[in-house]
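In what follows, structures are represented as structure tokens.
One chain, chain A, links the two complexes that follow: it is found with chain B in the first and with chain C in the second.
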Partner chain A sequence: MNKKNSDKSVAEKIDDLAKDTVSSIESGNNPDVTFPLRGLSNVYFDETQKMVKLGDKTQTRNFFNVGQAKKFMQTFLVARVIKELVKENITAPIRSIYYNTKHTIGDTSEETWEDQSESDPIIEDLEITLGSLREELHVRAGQKGSMVGNLTIIDAGDTIDLRKMGSGGWSIPSIVEKDIIKFKECEADYILFIEKDTIWSRFNEDKFWKKNNCVIMHGGGQPPRGVRRLVRRMHDELKLPVYVLVDNDVYGLYIYSVIKQGSINLAFESERMAIPEARFVGLSSFDQEKYKLPKNVTLKLKDIDRKRISEVLAYPWFKKKQWQDELKHMVEKGVKLELEALSAKDFKFITEKYVPEKIKNKDWLV
Partner chain B sequence: MNKKNSDKSVAEKIDDLAKDTVSSIESGNNPDVTFPLRGLSNVYFDETQKMVKLGDKTQTRNFFNVGQAKKFMQTFLVARVIKELVKENITAPIRSIYYNTKHTIGDTSEETWEDQSESDPIIEDLEITLGSLREELHVRAGQKGSMVGNLTIIDAGDTIDLRKMGSGGWSIPSIVEKDIIKFKECEADYILFIEKDTIWSRFNEDKFWKKNNCVIMHGGGQPPRGVRRLVRRMHDELKLPVYVLVDNDVYGLYIYSVIKQGSINLAFESERMAIPEARFVGLSSFDQEKYKLPKNVTLKLKDIDRKRISEVLAYPWFKKKQWQDELKHMVEKGVKLELEALSAKDFKFITEKYVPEKIKNKDWLV
Partner chain C sequence: MANSDDVSKRLGEEMRAISVAQFFEKNKHLLGFDNLTRALLTSVKEAVDNSLDACEEADILPDISVQIQQVDASRYKMIVEDNGPGIIPNKVGEVFAKLLFGSKFQTFGGKQGRGQQGIGISAVVLYAQNTTGKPARIITKTKSAKQATVVEVKIDVMKNEPIILSQTTIDWKNEHGTRVEVELEAKYVEKKASVSEYLKETAIVNPHASIKFVDPKGNKEIFKRVTDDLPKKSEKMKPHPYGMELGTLERLLKVTSARTLSSFLTTEFDKVGGTTATEILKVAGLDPKIGPKFITIEQADKLIKAMHSAKIQSPSTNGLSPIGADILKKSLESEYKLDFACSVTRTPSVYKGNAFVVEVALGYGGELDIEGPISLFRFANRVPLLYQQGACALTKATTTTSWKNYGISQSGNNMPTGPLIVIVHVASVWAPFTSESKDAVASIPEIVKETKLALQECGRLLGVFIGKRNRSQMAAKKREMFKNYSIELARELSKITNQDEKTLLTKLLQIAEEMYKSGQLKPEEEEAQLAKIEKRKVGAFKKDKDEDGDDYE
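== the complex of A and B ==
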């Protein structure tokens, strides 16, 4: 692991934060902590790196300031727990951290937090300030998603041959950093990321990964952080191209967009999560005609779909002609299309024809 | 596998259904298919078996009946696809079956289905009529949930040692019938079923299953059919008691209730899914006082919670005094409690004290 972000470094950085504050108090000053500002006002699209990034606006919290003292206290409350987690080498989900640090302050009736919507942003603040991924702070998110394919990994010391994981597959954990997940023998040529678990099961049942020498994974809809981070690590370290297979609707496009450029909410993590080279293999808004699918398997666009598409059309990373054509065609046709609709041809059409041909013919969008 | 419900038998039973219809037409009669009636009006609690079951009310669909002819056609449309799935030995999710069978009828503008809410009940009708689990009809549901523990299984021919599944675990597939999942070496003394993935990760990280010789699993919230069926098979075939660990709220109680007695919607499956002996180890509404948890980690009951609790109080399977006390105490206190709230003690309290003591002291509800 990068020394800068190793466990030791996290503990050291928390200590430094605390020492600065103490020495500031001792020298009679007003201690402060400075954070990059998050949210839309400080997010931009980096044209060189091709990802959503956080700008350089900051905010400062002072201890001797009635409006900021509580947040200041909360920051150190969470920092203390994270240091404990790192020291004990255990992890905790954000909800448990909230409960663990919730208590009444002194003899007052004041609570450290009213609810979790107060503690979650403090964890994100610390991620940025300490320059560490949430996972490196030993903070877990939910666990969704499965993986199989021509690859062996080590997970928490256990060797797992992803070629022999049956119909279920290996569950992708929330924390997939190098000290937990290591990559061993890999013959795979690429990663196929599939939006839906039920479609992934079709690919696994047909042993698509064996026939096409790849790794297949899903994230149970919108993929959690662990899944995104794992795809990125495999892309970087195993040099595997990433193909994304999602529904032809705004939700599917959003999933692709997040994998590719990162999200506005987690803009500060794009450099460790986003994969600008990720390739969109479908569904495309041109697929219904192209594959002669019956019209009645399409779904009418709703007003909310049209509104979201017009927003997506304005995203800098969808400005390329091919993406504008793709999105405008969806609006013109007035319909969306789900992955399951391909079974109108036959159940194996998606695994035996659709995806292999798209990849073979380089019929994808970037 | 039970010969009666084997693949061959499913295909035979579909053939029988079709042959009856054809011979009925040939002899000049009005062909019909009779189904047990589903829904609340034909569901009851079987006091002997201690599970929710389907009554003996039936409904008949006639081919020569304007109001029933379409449903009659739809039934055979789905039956045909299921026979194909069985014959080709592939599985499909209900959504793909919907798309696969959606088409315009002859020269009319009439569709076989308007939407999936029409095709799903037909699949359930066939489950009952053919006396086969949906899984035996090769119909898949979603895939959620993970498992690890002192047990080796075979999944689709691959041997999987659940003692060596790292931090992620094995993903529980949707279809877990005997021809796909087989049980091998098992030292485990019991199954711990945990509502939430994030809490399950705490138990896996602490190697709870190793220290306490058990299997731990979660179903990602409300468990899908595959998870319920797998717990039941392990309970029956490996003779393992099942302990259920859920939030102390109506949602958690409902999850426990479904595992234990079955659900109204799937009453026809209770005999193959429900586990009346399942034990509720928590959270209990008495736990906050008992474990001296701070009051501020409880959450206020909402009106909707109170309404649901009054419904639950009336369920025949919650009529026992201990359950009535449990539920009434929740109402009196006016609060609910999440599993994560136990981390107010410390992060490992749940794995090192709470659950081991509950099990050791037989401090559970049945």
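== the complex of A and C ==
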């Protein structure tokens, strides 16, 4: 396995990986590649850094093994394409990589990939094995997420005033490193990160960012890494506190945790993406009582929700008492609550009362 | 369950009251003439059964030819010719134009025979006469006769007597044999329950016979002889006390030539010696010296109860004539192209004093249809049972066997599916049928049990075969898979490193070969591992899937 070696270019690292394999084939051995193991069994919670980090367990993939042969072959299929991208200096979406490398194997009916869920993890495996950043591989994700606020940025050389982005906002690209995105000037006091685009639109329509002098952004559900990386950069470089507003369900709370502490799947990227100081403003499991929301705006918990809650409760990075209380209270009530439920009060309740008061009263979770 | 004796008796009684024509009309459904398709099949069956029985009786290997010719839309001519011993001219009328009710009419014991299952060829002649008005035409010649006799015969429906319309002699190509021609209302079908299917099944369980068939379109089919050994002649057997019923016992008491009850028991019954007879009579409280004719009905009742409760050896099985496992298998293989066949003949067993033996043969793969239910062929005493599959004990035994254990798909207790032929043959002196039409074997627990045991015995052999084949197919598939992946890998590595693609591929395939040889790579054993991996990759929660966002659009 190649050690992380940032002195070498990605193309060189791919060459090394392939040469290792070739020489083991030439000496008549079953070729193998060793990867750091990804997944719950190889992550831990770093108490000092307050982040989910990748452990040091590895997994060796052999070519001549019924269960591993295809993945082994797929790894070099992707590696070859990435080398070409790097050499030609173009970037490609992960979906294009999937299509570019999809073909029928020999005269069988088998395809190199069944669907994109097979090729995406192979790209992540390579990323981590080569010790290279996603953007160094010239690979990008489909973009999700928008942002507006009292801030001017430079995006690929174009100056963009985020106060003049109309109703749709500026669309956050998937690669947001310094060579592409620069911060020109910023007046905002904080970032409000909202789970969904629909609620974000409500905030934009009300010019919440103007009235409250902030930046509002969303990541379209689970935020892609471009969005996460940008929030982190703004937090670091512009010193903006981050407030997170999500649905009151286990997935919403988990989105908060991903922004704050990192995720299992991308644990190796936590140090570049996690924001341990991020604050949770809602929705809380206790909000229904607190704001006297009618019963009929709640949704009943399903079995799958309860199962996910019990899983999440067991994560070492979910051990804080208030977090446990949030989830346990949710189970006790047997219901969950969407952000839209606040409209039961008034359409402007969320933008004019709920969020401003939570922030003013420091009524948040950390 | 219908006892043939009783049926014969009842039929006989009815006969006295009405004409045969009326009787026939009333009982068409019992006699197998209830619809046009079945009428043709029954006619063929009666004629072929007659031919087979005649040949076996005379120790002749049967050569039978069956021909169906279309006369008009719903009228057909059936011609069945055999190389049997032939019939003496003055008996032709009686054989073909007088309704008799099976050879069992006069006997109390019996022997395993085809005749149990039909009313006889004369019913065919009657049916033909009723539907087309035409007489039957018979050509027959015995070995000693110089010429063959040609007889045109009808049945006098009031008197149940033959009417000979004409009788001549001709020169005939055959040394001996009989040819029957009848014209009847019928419907000819292909495929299921067809004449061809019936003959094919008949050929399977009569491997000593050669059967030729010419269908209405002139297509010829030949079912070849598989063995030159004639079946063992089934012997007449004395009844066993366990199978005795009161009515039969009463009649037997009247006709016996034994002078005392004691000698009645020892001479008329199977497995009853002096000691057993004394024992039975002691339990019944009857004097061994009484003459059988003086026994009252109450005493007969006591006697039969004592007979049923006495400890008596199992019935003799020498009257049974199973086909034999080896020949049955050979026969199956000669009719179908198969990948695998196996068979078993169980040791004889007993239900209610009647000996029976079950034989099973399985044929798998080859030209058989992969989809759809398996083919179950049921036989009783070498005669195919084509109707009422659902009501038959042999079907029940088949569907309640767990075929999944043997690599055959089956949902619940339904008919399994796949490329499989199941042959079940029950040979018995008294084959128990659900009804007088004799299409389905009654659900006698002993028969179901024996059938299941035979099916399981064969099933295990089939399971071993299918398992082996699946493993070797799997191994071949895995080898192919490694080869294909090697081609892909060599190409990608070559593109990255500029090494020669062909050299890499050759080397990879060498490594694989060495690993197969040394046993480091056993594709057939890694199936389980693969399944495990497949299972592992399932994701849990929809909303979690796009955790880290960029995984999905």
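Brief remarks on what is shown
We adopt the following convention: the second predicted complex is superposed on the first by the 268 of 366 C-alpha atoms of A that agree within 3 Å, B and C clash if a C-alpha of one lies under 4 Å from a C-alpha of the other, contacts with A are read in each partner's own complex, and residues count from 1 in each chain.
Here is the rule we go by: a residue touches a chain if its C-beta (ideal position, glycine included) is under 8 Å from a C-beta of that chain, and two chains touch if they have at least 3 such contacts.
Quick caveat, the model's predicted, so the values are computed rather than measured.
By the touch criterion stated above, A:R95 is placed in contact with chain B and with chain C alike. Of the two partner chains placed by superposition, chain B and chain C are both touched by A:G142. Of the two partner chains placed by the overlay, only chain C lies in contact with A:I105; chain B stays clear of it. Applying the stated contact rule after C-alpha superposition, one finds that A:N296 touches chain B and leaves chain C untouched. Of the two partner chains, chain B is the only one that A:G157 touches; chain C does not reach it.
Of the two partner chains placed by superposition, A:S9 touches none, neither chain B nor chain C.
Of the two partner chains placed by the overlay, only chain C lies in contact with A:I25; chain B stays clear of it. Within the superposed three-chain model, A:F72 lies in touch with chain C and out of touch with chain B [touch as defined at top]. Within the superposed three-chain model, A:S263 lies in touch with chain C and out of touch with chain B [touch as defined at top]. Note: residues 95, 140-142, 144, 174, 220 of chain A belong to the chain B contact set and to the chain C contact set alike, using the contact criterion stated above. On the side of chain A, the complex with chain C involves touching residues 14-15, 18-19, 21-22, 25-26, 28-30, 63-67, 69-70, 72-73, 76-77, 79-80, 83, 94-95, 105-106, 108, 110, 112, 116-117, 120, 140-142, 144, 174, 219-228, 251, 254, 258, 263-266, 304, 308.
The residues of chain C lying in touch with chain A in their complex are 478, 480-485, 487-489, 492-493, 495-497, 499, 504, 507-508, 510-512, 514-515, 520-521, 523, 526-527, 529-530, 532-533, 539-541, 543-553.
Considering their complex, residues 85, 90-93, 95-100, 102-104, 111, 140-144, 146, 154-160, 164-175, 180-181, 197-198, 200-202, 205-206, 220, 294, 296-297, 338, 340-344, 346-348 of chain B touch chain A.
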